[in-house]
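Scrolling down, you'll hit the structures one after another.
In what comes next, subunit A is part of two complexes: it sits with subunit B in the first one and with subunit C in the second one.
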Partner chain A sequence: MSAKVQVQICVGTACHIMGAADLITIEDLLAEPLRDRVEVKGVTCIGLCKDETCGKPPFVIIDGETLSEATLDKVLRCIEQQVQRQVGGR
Partner chain B sequence: MLVLENRATYIRRELQAKVLKLFFAGSLVSDIDDLPRTLYPRKADAIRCCIYKDRAITAYRLMAILGVSIEDEPDDPLPLREYARRALERSTVTEPVLTVIDEGCSACVQNNYFVTNACRGCVARPCSVNCPREAISFQGDRAKIDPAACVNCGRCQGVCPYNAIVYQPVPCEEGCPVGAIKKDDRGREFIDYALCIFCGRCTRACPFGAIMERFQMIDVAKHILADRPVVAMVAPSIVGQFPGALGQTVAGIRQIGFDAVLEVASGADVTAQNEAAEFVERLEKGDAMMGTSCCPAYTEAVRKHAPDFQKYVSSTRTPMSYTAETAAQQYPDAVKVFIGPCIAKKFEGIHDDNVDYVLTYEELGAFLMARGIDTASLEETVFDATTATVHGRGFPVSCGVTGAVEHYIDGQVSVEPVLIDGLKKKGLNQLRAFGKGKAPGNLIEVMSCEGGCICGPGVVSNPKTTQRALKAFLAQADDNPPAGEATP
Partner chain C sequence: MTDLFVDISDLAIKKHGESLCGDQIKTARTEDKTIIVLSDGLGSGVKASILATLTTEIIIRMLKADVGLADVVETVIGTLPVCKKRKIAYSTFAVMEILHRDCTYKIANFDSPPAMLFRQGRLMHPDRHTTRIRERDILVSEGRLERGDFVCLLSDGILHAGLGVKMNFGWGWDNVAEHVERRLESRPQCAWEVTHDVLAETHALYGGQPGDDASIVGILVRQQNQLTILTGPPLDRAGESAIVDRFLQSAGRKVICGGTTGNIVARHLGEEVQVEIRTMTSEVPPVGQLSGVDLLTEGIITMSKTLQWLEDCDCDPVALPSDRNAAVLLAREIVMADAIHFIVGQSINEFYQNPEFSKHISIRKNLIRELVFLLNQKGKQVTVEYC
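Now for the complex of A and B:
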């Protein structure tokens, strides 16, 4: 069994206001086979909102890759890609 | 129920934060005209027909954020810097509290019923047979509704054997409980302020974001940088709006630059106590019922649309009003700013001499973002001189006011609560009927927003989350001293 996909959702104030509160519900939306392969965590402000070159909040980091203007759809797609990469890489 | 998770919300919040960032950087006037272009550069994907329209609508949004009443401006508006300059110079805010971006209105359907291509142009044609206005004709092999003749009765939809006729709402009109938003002769919406109760539902219902409140953030921001002290009066629905504990949000408000932070739940306790006394007095005098008084959209709805009920509405003042009075005594030179979930409070604030400005939590959020404040990382601080109890703090959910008033009535008379949770056409009809002197109970609680203040248009967090947060907060604050006994 490979390591779980790490999903870190920034729940700092800027990300929260711009939609992170909604993103936290993503665990409920994961398809059954994905659930055991993904670990979702809310993390304190990661400071990306202070640097406009990083894009716009809300920010989500998936296995080290930063998503800006994250939406449920964007995050789900990225998780699926990541899981597939892991499965393919084995 | 309110759903805020959408792009219109995102755009609105982003623009608010950008405007305040410019303000605090000292470049509001010099740079605001660049915002529409930097947000929609030449290579951007247009949301509307083209980036030029996106930029134009963005400019109108920025006008609303600067507090402008767009309807009053010329067809070809002034440069944004001119509106920014005016915002920085004005000393008061004016009515109305809402504004319509008519250029942004998509002029939704005239008629709510629409024949889809599922229509098979059948022989029976029950749609046209049952139409009371001869509005349905057949073109080719499909029914067509004549918008000029149709009266939106919906019979055609009910009788179509193929479910081929759909109901298409006009979201703003659907959201408006009093029929105050209407189409002009081009099909674009406008607000009839003689009917409007300022509940603000249309602003969040319009999928094009074409109706906005007139923001007061610049007015507050300039006072924060000026000499007079600025006092924040924060509504009880603040619990759970921002990350971290309530004390951390209070700390965040201080860090923005507010000199004192008062808890409006203190005023809510006074409202509940006075409403309780008034209720007992009214019932003893023979009144059939009493209506609560704290929701400004509902009291405006009674004034404009259910005048017979007016005599039953409690004459007790609102939590904001009591808190502002205390603030005026404690901080006589201060600028007093109410912060809450409510757009109608902006209207109430204009009519309350003790209240200078009213911000929503969204506007407060823009301040936090512009100032780069992360609430969850702050040391907790407490409200200044609060006397609030769980009763006042329980106001912002439906049944909360009733619970608090019942607590202070303390069994002196029997209370039979009636709840109108979310003011819609039906609730208004109920109030009109109660106005004739008969109701299924004697204490009528009305909340314009379904679910109570935590579901107001100006909230930041999903009401499901804040409801849980408030419950937990009340359970933990259970041992607070009752009003009046707290040490100052």
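Now for the complex of A and C:
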């Protein structure tokens, strides 16, 4: 089986204020077949909030790809794309 | 001074139906000594409260000014009015003075229940002598405190608990002492563990409706609980390493408040912060873990919430919720500490200046100032360094 999709939710001050707390339910929202393929963890401030060119918090990094203004919808879509990419690339 | 610390917890409950407690407790620490006064105004309610307050204030002020205990007692007895009907003073009191130099103590009881001294968990019977001041008997005991000693000053409201409700003659001095002995068997870490227990039992014996004001001061001689809080990245990046070293080598418990600060320490340790994401709530970011660090939290939001908890619970650990979110855990660390040292980094994250945020977010210094003010009021020894 391929490596799991790594989802890192930034839980720093700016990200928390801008809605990171809503994102921790992401694991519960994943469809059953996806759950074993995804690992969700929190990370302390990754510093992207200090750089305007990176967009606005909350930030989530999915297999190295940065999502700004992350919402549950955005994160779910990105996870699905990553999983499909992994399946297609097998 | 010895390396011993005098941990004091005082608690009082008022007579059922009264708006004010007629017992008053006041403590003061100077460089040389710790002073504790418990005063019980005759009767209950407003009059009792005012007289007890006057008594404690006079005693504390005079002792702080280094007037001898005998002179203080004489002044107070000479000042207190006497009830015409009952021919007794309007306010009784117990005073304890502990010298930091060598931990010697002196206790004077004026018509109040004799103080209790426990050594190695057992009730001691220290030498007591009666001295007459202005035709009143004052019970005096003196000695030297040792590590682990526990002293109780009480008002008679505790001894009378249960009188006519659950016991014919009330709880009584001997039974209270036995109760404290039993509680000391579990080796309490802090004085409040005993005082809360005794007052809860008092309340229960009164059937939830105290027939008198009841108060207790618990004094536990132990090692000082130290806490160092590192919050905010330092202005000078070149100095980071030295600050982190000093933080990690500090005595006592260590707490980091701030994700970026946590990352700096993690880099220094060659580790990554492990975030316990399930401890995150909509109000407070989650707890993190780093080796050698007792608690790692986010900075500003968590500390604001902690300040709110500390104010709400009046720094009483029993009143803190049992949640394991970062703000409550931080509040618990602070409440359990006697001496707190803040190392405050002044580097500011520009994004926090964002007008979308409430104003307190950007001002770490103000938050620290508010915390320090509250903790000083609660008798904590607080020091702050900015870097």
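The rule is short, and it goes like this: the second predicted complex is superposed on the first by the 90 of 90 C-alpha atoms of A that agree within 3 Å, B and C clash if a C-alpha of one lies under 4 Å from a C-alpha of the other, contacts with A are read in each partner's own complex, and residues count from 1 in each chain.
The criterion applied here is as follows: a residue touches a chain if its C-beta (ideal position, glycine included) is under 8 Å from a C-beta of that chain, and two chains touch if they have at least 3 such contacts.
Here the structure is a predicted model, which means the values were calculated and not measured.
In the superposed pair of complexes, A:K50 makes contact with subunit B and with subunit C alike.
Looking at the shared chain after the overlay, A:K41 reaches subunit C, while subunit B stays out of its contact range. In the superposition on chain A, A:A14 contacts both subunit B and subunit C.
Of the two partner chains placed by superposition, A:V5 touches none, neither subunit B nor subunit C. Set side by side, subunit B and subunit C differ in how many residues of subunit A they touch, and the one touching more is C.
Residues 11-14, 16-17, 21-22, 44-45, 49-50 of subunit A are contacted both by subunit B in one complex and by subunit C in the other. If you check the complex, the residues on subunit A that touch subunit B are 11-14, 16-19, 21-22, 44-45, 49-50, 56. Those residues of subunit B lying in contact with subunit A across their complex are 5, 9-10, 13-14, 17, 242-243, 252, 362, 365-366, 368-369, 372-377, 460-462, 465.
Of all residues in subunit A, only 9, 11-14, 16-17, 20-22, 24, 40-45, 47, 49-50, 57 touch subunit C in the complex they form. Per the touch definition, subunit C reaches subunit A in the complex via residues 259-260, 262-263, 266, 273, 275-278, 280-282, 285-286, 288, 298-301, 349-352, 354, 357, 361.
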